[in-house]
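All remarks here apply to the structure that follows.
To keep things simple, chains are lettered A, B, C, D, E and F as they appear, and every chain counts its residues starting from 1.
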Amino acid sequence: MTPKKVITFGEIMMRLSAPAFARFTQTDRFQVLYAGSEANVAASLAILGVPAAHVTRFPDTDLGVAATQSLMRCGVEVQHIVYGDGRLGIYFLENGAMQRSSKIIYDRFDSAFARITTGEIDWSYVFQDAQWFHWTGITPAISQGAADVCAEAILAARKSGLTVSGDINYRRNLWQYGKSATDVMPGLIEMTDIIVGGTTDFENCLNISEKNFEKACQQVMRQFPVVKKLTSTHRESISSSHNKINARLWNGKQLLTSATYDLTHIVDRVGTGDAYMAGLIYKWIHQQSDQQAIEFGIAASALKHSIEGDVNLATAEEIELLVKGENVGKLLR
Amino acid sequence: MTPKKVITFGEIMMRLSAPAFARFTQTDRFQVLYAGSEANVAASLAILGVPAAHVTRFPDTDLGVAATQSLMRCGVEVQHIVYGDGRLGIYFLENGAMQRSSKIIYDRFDSAFARITTGEIDWSYVFQDAQWFHWTGITPAISQGAADVCAEAILAARKSGLTVSGDINYRRNLWQYGKSATDVMPGLIEMTDIIVGGTTDFENCLNISEKNFEKACQQVMRQFPVVKKLTSTHRESISSSHNKINARLWNGKQLLTSATYDLTHIVDRVGTGDAYMAGLIYKWIHQQSDQQAIEFGIAASALKHSIEGDVNLATAEEIELLVKGENVGKLLR
Amino acid sequence: MTPKKVITFGEIMMRLSAPAFARFTQTDRFQVLYAGSEANVAASLAILGVPAAHVTRFPDTDLGVAATQSLMRCGVEVQHIVYGDGRLGIYFLENGAMQRSSKIIYDRFDSAFARITTGEIDWSYVFQDAQWFHWTGITPAISQGAADVCAEAILAARKSGLTVSGDINYRRNLWQYGKSATDVMPGLIEMTDIIVGGTTDFENCLNISEKNFEKACQQVMRQFPVVKKLTSTHRESISSSHNKINARLWNGKQLLTSATYDLTHIVDRVGTGDAYMAGLIYKWIHQQSDQQAIEFGIAASALKHSIEGDVNLATAEEIELLVKGENVGKLLR
Amino acid sequence: MTPKKVITFGEIMMRLSAPAFARFTQTDRFQVLYAGSEANVAASLAILGVPAAHVTRFPDTDLGVAATQSLMRCGVEVQHIVYGDGRLGIYFLENGAMQRSSKIIYDRFDSAFARITTGEIDWSYVFQDAQWFHWTGITPAISQGAADVCAEAILAARKSGLTVSGDINYRRNLWQYGKSATDVMPGLIEMTDIIVGGTTDFENCLNISEKNFEKACQQVMRQFPVVKKLTSTHRESISSSHNKINARLWNGKQLLTSATYDLTHIVDRVGTGDAYMAGLIYKWIHQQSDQQAIEFGIAASALKHSIEGDVNLATAEEIELLVKGENVGKLLR
Amino acid sequence: MTPKKVITFGEIMMRLSAPAFARFTQTDRFQVLYAGSEANVAASLAILGVPAAHVTRFPDTDLGVAATQSLMRCGVEVQHIVYGDGRLGIYFLENGAMQRSSKIIYDRFDSAFARITTGEIDWSYVFQDAQWFHWTGITPAISQGAADVCAEAILAARKSGLTVSGDINYRRNLWQYGKSATDVMPGLIEMTDIIVGGTTDFENCLNISEKNFEKACQQVMRQFPVVKKLTSTHRESISSSHNKINARLWNGKQLLTSATYDLTHIVDRVGTGDAYMAGLIYKWIHQQSDQQAIEFGIAASALKHSIEGDVNLATAEEIELLVKGENVGKLLR
Amino acid sequence: MTPKKVITFGEIMMRLSAPAFARFTQTDRFQVLYAGSEANVAASLAILGVPAAHVTRFPDTDLGVAATQSLMRCGVEVQHIVYGDGRLGIYFLENGAMQRSSKIIYDRFDSAFARITTGEIDWSYVFQDAQWFHWTGITPAISQGAADVCAEAILAARKSGLTVSGDINYRRNLWQYGKSATDVMPGLIEMTDIIVGGTTDFENCLNISEKNFEKACQQVMRQFPVVKKLTSTHRESISSSHNKINARLWNGKQLLTSATYDLTHIVDRVGTGDAYMAGLIYKWIHQQSDQQAIEFGIAASALKHSIEGDVNLATAEEIELLVKGENVGKLLR
């Protein structure tokens, strides 16, 4: 029996990346993809075999069509996407190497998505046959409309009995429409079952300054009793080419820690958190344990570092094999 | 003795073009250039050996740097460019072929240029050692600020004794800041010596509905006594791949017509009007006749159709040879 | 109200084309697409806004996944595709230019599709909510199994009340499994409402040697009373780069002829017949006349010659404009 | 004096590799090469300056021509290649990175080579002026015909006084024509002087289950007295990007071990065993010792990991310098 | 029975061409080929199935190896090539379009070939098993050494009983070592059986100012009784993209004229004369008539215009079909 | 206040690099850049915000124009460049990986630069508004003319009161015009304030065989009292992909040593010494200490290893952050 749907909501941008290690000032071509944190989660889930639909607002141009088709290619359902005025947000990516950092320039203001308004999406229709709703802290940071629709969606999801997950993902450069994260985020987190975030996010969004992850999680849970799990990835950046990652999770009882992956030749750093999120959801909707979830999630994230683009193209089988340490780094014939 | 400078003013966008004949919905890469109508004129002139400086406002990011460097590469002076907040405007180009039209999607609202304000540019300093100022009808269509600075520039140019040329270039999809072309353009045209425009432009900008070019020009001149010459290119589009072009000019006394070029295998259609404009200015600042100017201008424009990008990379020698009908379409060793 | 679905059935191959005009013996890279005559029709229809599902059998490998995703990207429904043993058929394409012909090398024997067997597809389920079934003469030429499933599908389609169209498309190099076209095709044509084919096809498939199209059509109709319309495109190949095309249709009463298009700079010659077919179906399911159908179909086919790949990416609006002769070969801003 | 020829025999496939680290499901282009284990050995030898001819059977199409020309480019003699019906085998390559494995999808059944039959090659003519014949365990696994011709060739080689080497190279997914490796391989190995293979190969081909390499070699030698040397490379796969390799050889008296190479940034993993084999043959036909042979062979293999494609393009001088540890990883001007 | 060999002699350069229609000042990549007029003839002949060997002198670097391998790939024998000091000559190619001419920048002075000296090539060994020697007027223009070795070769060819052909091909920018064409060319032409050249060539090399081709040929024959045939192609350059070509030949009795080809979408203009020459030789060594030779030659040249690179990759079958007007500009499946 | 100009003098070549890790014998395309040691320093300085002008002599062709424009793009002033006869020097680059070394083939003899003669450059005009002159040991090795003009420039620089720096950079394969380094270099070094060089350079240019850097520096200073600082980078090449670098400097009083950078995934090895030099000059003209200079210089050089091309595109801000260890190897949004 196919599982019920996962619904994600958020902005999708055109990703324009300079080829290989070219700098912005030296390239005369860009690779083109369409990506966004929440849509990356939906696309990963679709590739893992989980029905997923993404909700967003696109400009009514060929670029909106192209972005829609990139979701369709991955198997994400697109029937709830709305189209209208405004532009397609863009982000420019320059890949770093060694000591040189990777750089993203966002050009996303006044997008078709930013102009979304409450009532535009029929959430009760969207949430039919769905079991999970996922949002991130990027959406409420974009515009008052986006924040309002995000709240509207979370509320509707709860009413429809869905599990709600939120990746706080605080971005300082957003939040320019007159509200701050601390104004908006508490109202969303208080309706969310599962939170991805670290102590810095808790501080920026909830004014919780505790630096110990476990204690900070306990504090969040006390404040927001709906929250049942908090999880976060930890990254050690030896260089742009070499990172180490693992994950930890507080479920109200235990602090679980995953295996650590040594990522020695990074191909693409973007979307690795979304790969983790998709891995978690995949395991939880298949009734696996928290430990299994973070092991699968962090292995998914590790594989994503070897894959070009924002979306994790690793299959469930490949991720499971990495969790077991089988067939790793071989030539499979 | 090197001639005195030509100054151009206007927005520069990032041009993202799908390779070869790919449609927007099927490409996964874009060619990147930086271009704008007025800057194209400056770049053409610099390549023709005429000192030229472009004035614009760029975002203070690596993309602004890249755009600036693309002007520097052509030899355009960039010392008067200002940098600030706002984004870099973008246009997306899909190349048509045969019956299929080429398509441009503009994404230029709220650019750093659109946020320009009067007083930001020290025009008297800009116009030192300059003899010519060129503007287009795109600029006053972008924002109130751009329109104001354009008027400010034209006025300053006249005060500094420069010749002023304006390419009316009416674009219906711009003009969204509350003013219409007929509100703004007459005030700019009345300070302009040389106008590029056709009868449709006259109608849209000046409410002159006369369809005969010569008569329409006479009407413009009666209304705007500063205007001394009006010129326009004429294009017959057999298909996206095959056009015929020529030019005509009314100088108050005669209607001059240029040779016609049969453009049978078009490589790049964009910027061909700017190539014409640069050709005119080149000839006029070298004290050549109107007939010589339009012959050189239309030959320049013809060659531009064979060159990738917005900027005409043809040299003065190549254009002169085409005017004379020498070395055309050969293999030069 | 969205129209009911169109169902297509047939093999999809990997298309490997040498870039630009490179010959097979000089290229070190191939462009990769996934295409097949019937799937091209489905993809065109999906892009025109008609719900379309394609039925095929793919190998159970990453290549089968990639081929499926290429259909999904265009909006073709893929839920009826089956997966199993066998390889993915391939065709290699070398683009000709001028006097040099284009070349296709097929490498499609023993594909997963060729191994399809009756009973593998639940046609009554496939034809729910469908109004049209389309097949081509390629399918029964591939293998006994493919021929049997094709017959099975046509029969089921008739039972479910669908309109059935068949593009005869005789290919001499196929038909290697022991049956000839004249053995198999009559049994399929006699259940088909609308036939695409020319006099050569009629001769090869039906032993009808009449060379006059109208008379030949009348003969087909006498022999196969179910057939209501016969149509064919006519192509004059001045060179690989320059063709002229038009279409004609016999509907039992009249011989209709479409406008002729002069295709002077061909970008991609493959799939142009499928574009015609999709155009016909589009018009007919929107209750348009035969003349409107062939005008739209041949205009669709003309535009396809300007588009890279097997699939016609032209929108209904673009095709309609070409039929009306508007916006042809312009630079649309 | 140029040495006498080395003859290799086996299938050559088209290699289609996704660029950089792209997955099969995300690439729209493939790099094209023509390669096969035995031909890779011939090509390496030709580049090392040893006359080498490859014997195979190609389809009589442009693809057969292209594959032939790729051998010619390396200097491999092609006059003994036969052409006929059947397709060109293909293999698809996806490059892994870090924890993500590389993947090969074979599409080689029913190739022109698989259809080869005894008598088609005039082996006595082939072996004129030859001193060495090399085969691999891939060939007898392809088809009964290929197995028969392989046996025919080995026998003829022995009769013509050539040294015979065989790289067992057991591939589980081949062997689908009704025979198993243990049916066929013993008959070939018993006519072969030098064997490349490890204990797993011995088990799969000879039912020798001894896990200690030296003891297993002794057992092979007891069973097949013609065999004089057995050698094998050992690979430690830290990841797809990072391997360590060395080689060992049993010559009936001693177990020799080579230096170990730390391969920290692998460019192309395929063909590295063939590079080793070519290195061995190169040294032995120049009358060098076994230790020199494996040192040269493993250094050749190490360099191959830094070279794109199946064929080792390193020169003898470059390999010798690596053996000596000179000029390693420098910028040579 | 394979025909006896054709020997060609001359310089091979690296060809660096800007992609598509890019100008030298805007490209950041070059396509790389290795080509030279005489080697192009040898390569064409090898592809047509005629054994051909090219003689040249290359630098003893990887670039000399690469150039050698490019000949090997086409099947040209390379055993007579010598290697030594000096550089590899280079030519840069910018493709024109429409009115814009194509441009070649030569960078060939002081090449390894220019440093060739008499005695370096053992011509009697080269001419074993050969029936034809071909040279061009480029070689004696390069250096005194090249001119001397060219004379040495022609003389040896005559002694060995070969037919000698020479393509005069006067290039004004060469001839910089102190001799003029009129100093050197008469001495070479007087030993040559078949001359390719037009009236301009005759004037520049032989001081024959007659403008009528037939009369000029008669004058050449009177002056150089060894010459038996003179032939020339005629080109009408409507533009860089569109040429018309035909050929004429004077055999002492008749002026023959070939069919004219309308080349409407030129892909690559370089090497088209060499394709003609190879076509002539091919037909003559197969004992065909002069008319057959020029028809085949000009058809070969026509096809070359559709093929990227200097070498004509058309097969004999393809050229014959074009002569007959069959399969022209089709899609061959 | 903008600092006064830095002037550099030397040859600029076309850099043709095989893509990724392709060998010369396998590539069919080259990346094109224009670069030279001294111009790389100027370009780096321009990017760091320091006014810099480069003096050279280019061929009067489109390639000279292209090379000039590549300097203009970086902001280097080009008004003192002279144009004339001779070719553009070229260097070919093959990127190594792991144990395989990178290779450069120079093709620079008889360039337009090599033909420069004294008096061609008006050095007193060049040195107006300048504070620093930089030369390298490559220039006097190219030709007598280049050596003479180098001496002429250094002398003029001293007269104009500029600081003079020289990067000795001994290249054995140059120095072919009849003079040796020991003939020429002492005369240049004795007029130079700051020397970049190691003990091998001192031996080859000055016959100083002392192997201890500090003692060797002291010896140089005794012999050449004008020299005030000597500095050198030290490189440990674990492989082509992995190096470690640091710098040391003797200022007459102290031997200073910089931090060491571990460069684990090298992107481009060329121009890293020039990046160091530019870093030093940048700091010294901003009155920073020797320790600050070498720390900034070596950090600049480290970043250059991550950047494609000869020129260091890192900004001053990026380099300073690396010196401080901030933002290293991150994803900056």
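Please note the rule applied: a residue touches a chain if its C-beta (ideal position, glycine included) is under 8 Å from a C-beta of that chain, and two chains touch if they have at least 3 such contacts.
Worth saying up front: this structure is predicted, and the values here are computed from it rather than measured.
Under the touch definition stated at the top, chain A and chain C share these contacting partners: B, D.
When you average the Cα atoms of each chain and compare centres, the chain farthest from chain C turns out to be F. Relative to chain D, the chain whose mean Cα position lies farthest away is B.
Residue-numbered contact pairs of C-E overlap by over half with those of B-C, the repeat interface among D-E, A-C or B-C. More C-beta pairs touch across one of B-C and C-D than the other; that pair is B-C. We define each chain's centre as the mean of its Cα atoms; on that basis chain A and chain B are separated by 44 Å. Note on chain placement: the centre of chain B and the centre of chain D lie 62 Å apart, centres being C-alpha means. Residue positions of chain B with contacts to 2 or more other chains are 20, 23, 25, 28, 69, 103, 265. Annotation, chain-chain contacts: A-B, A-C, A-D, A-F, B-C, B-E, B-F, C-D, C-E, D-E, D-F, E-F (touch as defined at the top).
Chain A makes touch with chain B in their complex at residues 16, 23-25, 27-33, 61-63, 65-66, 69, 87-88, 90, 92, 94, 103, 105, 107, 109-110. Every residue of chain B that touches chain C in the complex is listed here, in rising order: 20-23, 25-26, 96-104, 106, 171, 173, 237-243, 265, 269-270.
If you check the complex, the residues on chain C that touch chain B are 20, 261, 263-267, 302-303, 305-309, 313-314, 318, 322, 327-333.
If you check the complex, the residues on chain E that touch chain D are 69-70, 72-75.
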